[in-house]
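In this document, chain identifiers A, B, C, D and E correspond to the written order of the chains, with residue numbering beginning at 1 in each.
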Amino acid sequence: MTQAPVQQLDQIFVMLKHWLVGYVPAAAQPVVSSLLSVVAILALFPALFAFTTVLERKGLGRMQNRYGPNRVGPFGLLQPLADGIKSLTKEDVVPRTADKAVHFMAPLLLVAASFLAYAVLPVGRNMAAVNLDAGVLYFFAVGAVAELAVFMAGWSSHNKYSLLGAMRAIAQMISYEVPLILSSLAVIMAAGSLSTVEIAGRQAGYSGIWPHWYVLTPWGLAGFLLFMIAATAETNRSPFDLPEGESEIIAGYYTEYSGFKFALFFLGEYLGMFAISGLGITLFLGGWSAPFSFLTWIPSWIWFFAKLLALIAVFIWMRGTLPRLRMDQLMNFAWKFMLPMALLVMVSAGVWRFLPHGVLRWIVCFVMIAVPYVLLGRGLLQGKKIGKRTYRFAE
Amino acid sequence: MTPLTGCLLVSSLLFAIGLGGALTRRSAILVLIGIELMLNAANLNFIAFWRYGPHSEALTGMLFVIFSIAVAAAEAAVGLALIIAIYRHTKTTDVQEMDELRG
Amino acid sequence: MSAMVTRVVLEEEESARGVEGELLEISMGPHHPSTHGVFRMDVRLDGERVTRLKPVFGYLHRNHEKIAEKASYLAAIPYTDRLDYLCSMTNNWGYALAVEKLAGIPVPERAEYIRVITAELTRLQNHASLIGFLLQDMGASGTPLMYAFREREKILDLFESLTGARMMCNYMRFGGVRVDCSSEWLEAAQNIASSFPQFLDEYEQLLTGNEILMARTQGVGALSAELAVNAGITGPMLRASGVNYDLRKVDRYGIYDRFTFRVPLGDHGDVYDRYMIRLLEMRESVKILEQALAAIPEGPIIDPKTRLRGLRPKAGEAYGRIEGPKGELGFFLISDGSTNPYRYKVRPPSMINLTVLEDMCLGRNVADVVVILGSVDIVMGEVDR
Amino acid sequence: MSLSFLILALLTLGGAVAAMTLHRLVHCVLALTVALAGLAGLYLNLGAQFVGLAQILVYVGAVAILIVFAVLLTRGAEIASQMDSSRQGRFSALAGGVATAAAVFAVLAWVVLHSPTLSAPAATMTQVAPQAAMQQIGDALMRRYVLPLEVMGLMLTAALIGAVILALEEKPEAQ
Amino acid sequence: MLGEGIVKGLAETARNFLGSFVDEERLTTVEYPEERLPQAEAARNFPFLIYDGDDAEKGLRCVACQICEKECPPRCIHIEKSKDKKPDYVGKQQFYPAVFDIDVSVCMSCQICVEVCPFEAIRMDTQFELSTDDRFGGLLWTKAELAKTNEYYHSIHPTEAGETDARLDEEKAKVAAKAKPAEAEMQAKA
């Protein structure tokens, strides 16, 4: 009877919630239940944000052969506390010519929109705040609101750099939304559902020790990579951090923000990153399911957060390595590479579905993706005459 | 007042607001916004009738709205492209000054 | 297309489209994260395309030349440290060379070798950190810069143990150098010279093949050989445009004719070429270092007959120039026979290389402006003096 | 009629009024997004989940942004119109427009309130929200409405190409 | 192939990431102020005046020749010559500085004063934590603050100090050799 405690551990939060809800009158139960979920999300993800800022700074530091923050608290873990106090006590500067109301609302809207997205993420078995029938659609709809918040911030600041940053941000977010949605469509097609809970559930089975994750198919892997690239662009992370490209346009759309509002932007950005990583995990990496069948005894929510942290680490790794793209190159990449590849992934997912099981469909799907990848990649580089060069020397 | 009547009243008010704006505002972009509002008022009607009318399982009203949203997106794109193209020529977005047929 | 024509075309376009509302005028700097100090560019943008760029400098003007004219020949040396504060050694050398020409002072053998060694070390650290800064401007969040600084630290430690200061070395004197280097010091320099290629390999692994870096730099800020020569561009920037002009080969000042090294030349004159030329130059510098460290003789380090204090060269003029890491660094001196120069003029490579900034930037993107500026290799202390 | 319906209706109508009366164009667009978001809320309130979410995705995410871009691209016009202070004939045009709109609303409201079918007792109406699962919508789109769907796709493509061509910068003719 | 260089770069940063945990050579950070780098013997920061013996007034080597004041590039030294004289280290009667001020905020640590001093009286200190909130009092150092013992000099620049002492001893010996016959004469007279 080792199964029972394991299951209990897996469902500990679900049971906790039921137990708490059981104490309120029946009429108020739905409200209290959703309130509990909201409180959990509101507490958990900002905490993760705080932790990630330290992780990022320490990780970047190590990549650059430095220590990173290590003065506040043990291993510098209290650094976010210090940062929070600092941003709270800083003067909140609003430019005189700014559109005060819009300037005030932009960070709030951004953070609110970022939080809303978590409603449909299943962070563990039976652990989604809402099981929406159109969960993925909801996710993208809420994500679209962030674009508006970014525009509001850039426009209301009445600063040229802010406006440039906002224009860049919106153009980039709209362009990369297309491959983002298209690559998720492949999974939606394969799973036959728009519900995040169901998509995660579909991937929970195992063949031998291997899970049924979509990433473990040729189209799934390609789709996952495309999804993560688009997600990087969508969340304005390096190498797609043009909207806030420090060396070019200071801080982009939040140039004119200071103090706590600035911190809110920061929070919103990270929340967006977690949310979209969470969606990537749900769609491609099997959500909360364990990577091997013999590891299922570890609670599902641990797996979800482990995967989330791994993806965040990849984000940090990329940031520590890559320089930034230019606007036109970014657009070229979106429309000339990402879009055709995403369409191909969709087609390939369809082919995968209708070919019989066996080696053949692996080969067909792999070739369907690999050959255009090589060709498109070559076109992207050689079309612009980009490549390594040789140099001559004078004695 | 039944819920349906409420919806229809809201919808007709929305339509009137859009119409009033489209008629009185001079900026072409605002006229377009007015038209969008009127279109959305119609969409609300469809949804309301789907919800409270008979044969809701046929989803006709809903699908009509889905198509309508797609059309509206196309309309907005083309409309704004037109406004920008005109602006390039005449340096204005005022509908009352766009009175020449010659570009 | 020559810059003048580009400018005219862009201005016509500008007036055709009407200036208000569509063109954005932004002031990049003097407090902008990527202007390498206090440098300002008045940029006019059409969308994100640059239609006009006016460099504005002088924020860091410290009256260097006039101060040097009022100071004795010796007292001017510490001020040359502060011209291009990354490369005080080569600055010292350029000035010392000018005074040596003016007063006809010989330099002992060992001093010449030490000068070559310190100058090439300076070149290594300057180029490495410049590439780091360039990548920083491209948004690489400091990683290449930190790697460059890691290596630079070793060289600066070496300088400190020799001269007492890390950056403001104040080391060379007319007639030689200030203090002798020990054999341990030479060994440490040898260590750096032999481990540096390893760092360069690591650096290239991180950067050279990177598609984003190539896309950001290839074809960006191209400078034709003709314009480069006409504008008086020197240094790696000129060689990236394909002109074989290296003062170490042309003037063979000091003892550079004793070393075998090659001068890398680019064909496109764009930012990528400038980046690569600097990388290749570092490898050549390492070669020179190896040869110099192997051949350094014993002997005096300064001409014993030279009066450092109260030097009164005969009336006359002299121009001493060296191949600094940034280009031709020249010092022009006129003596009227007194203890301080009658006229003292610096030819700052940073500033002259900066003059073609607008030509390279017109019609390009804002993001390119930053990268192009980064590739010029400027230090505002030298530009503004 | 529930409280949520009232709130959403007020939000929608308030947004619409603001969108049509505010002075700065960007404010109008922001107000418009409020109105459209309110409408999406109304759809969700009425049980049309897919439509509500699509409304947010398309209108807030795309159309509003598109309009914002148009506003920014025609910034010159706004500056000019702000300086334009001629108010002659504006009042009569304003009054005419408002009167027309009011008349239309009066007619529509009269019809709604006096229609015999609509004033039927509420009991005959569907009280339980009809089910509209994703599966059903998908089925309907792919089976019964497949032709309209295809036409829609074609039209969207045409609109995309058309918009790109219209807004494409005109090349100065070769001389 | 597209992405090759990016993957190489990622491998490089990963190598450095791991290397920073195992390789001392890579992680060059020194956590000041708990940890400090050993200072190079040649390190220089601000000048100080050397005195021999215990009394700063009496043993000060400076003879107020004002060469350093003239040669100092930023002109941060201010000297006022004394009216009377005192014996210097070889016993010769010399002037001494009544006032010797250095404005540390102006000084650019160039060491020119050390080079031009013919009396080995001024040397560079290695102290660098000199920040103060009092710009005019705290950063204008007077003779009393500048004077340091020869032992201190030995402790910070042992090699250089040794050479200097050797030079001074030689000079003293020379003077003494010259003085000896004279002394003997005097004694003989007496």
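Observations on the structure shown:
The working rule: contacts are C-beta pairs under 8 Å (C-beta built on N, C-alpha and C of every residue); 3 or more make two chains touch, one makes a residue touch a chain.
Here the structure is a predicted model, which means the values were calculated and not measured.
Chains touching both chain A and chain B: D. Chains that touch both chain A and chain E: C.
The minimal number of chain-to-chain contact steps leading from chain B to chain E is 3. For chain E, the chain with the farthest CA centroid is B.
Highest inter-chain contact count (C-beta pairs) belongs to B-D.
Central chain assignment: A. Criterion: smallest distance from chain C-alpha mean to the mean of all protein C-alpha atoms. Chain D has its Cα centroid 60 Å from the Cα centroid of chain C.
We define each chain's centre as the mean of its Cα atoms; on that basis chain C and chain E are separated by 31 Å.
Chain B and chain D, compared by their mean Cα positions, are separated by 5 Å. Measuring from the averaged C-alpha position of chain B to that of chain C gives a distance of 63 Å. With touch defined as above, residues shared between interfaces to two or more other chains in chain C number as follows: 18, 143, 147, 150, 206, 208-214.
For chain B, the set of residues touching two or more other chains reads 91.
Shared interface positions of chain A, defined as residues touching 2 or more other chains, are 63-66, 163, 320-322, 381. Residues 1-10, 12-21, 23-27, 29-30, 32-34, 36-37, 40, 43-44, 47-48, 50-54, 56-59, 62-63, 65-67, 69-78, 80-85, 87-88, 91-94 of chain B are the ones touching chain D in the complex.
On chain D, the positions that touch chain A within their shared complex are 26-27, 30, 33, 49-50, 53-54, 56-57, 60-62, 64-65, 68-69, 72, 133-134.
Across the complex, chain C is touched by residues 60, 63-66, 160-161, 163-164, 238-239, 241-242, 245-250, 319-329, 381, 384-389, 391-395 of chain A.
Every residue of chain D that touches chain B in the complex is listed here, in rising order: 1-2, 5, 9, 12-13, 16-17, 19-21, 25, 28-29, 32, 35-36, 39, 42-43, 46-48, 50-51, 54-55, 58-59, 62-63, 66-67, 69-71, 73-74, 76-78, 80-81, 84, 93-94, 96-98, 100-102, 104-105, 108-109, 112-113, 118-119, 122, 125-126, 129-132, 136-137, 140-141, 145, 148, 152, 155-156, 159-160, 162-164, 166-167, 170. Listed in rising order, the residues of chain C touching chain E in the complex are 67, 71-72, 74-79, 81-82, 143, 147, 150, 153, 157, 160-165, 168, 170, 178-179, 202, 205-214, 308-309.
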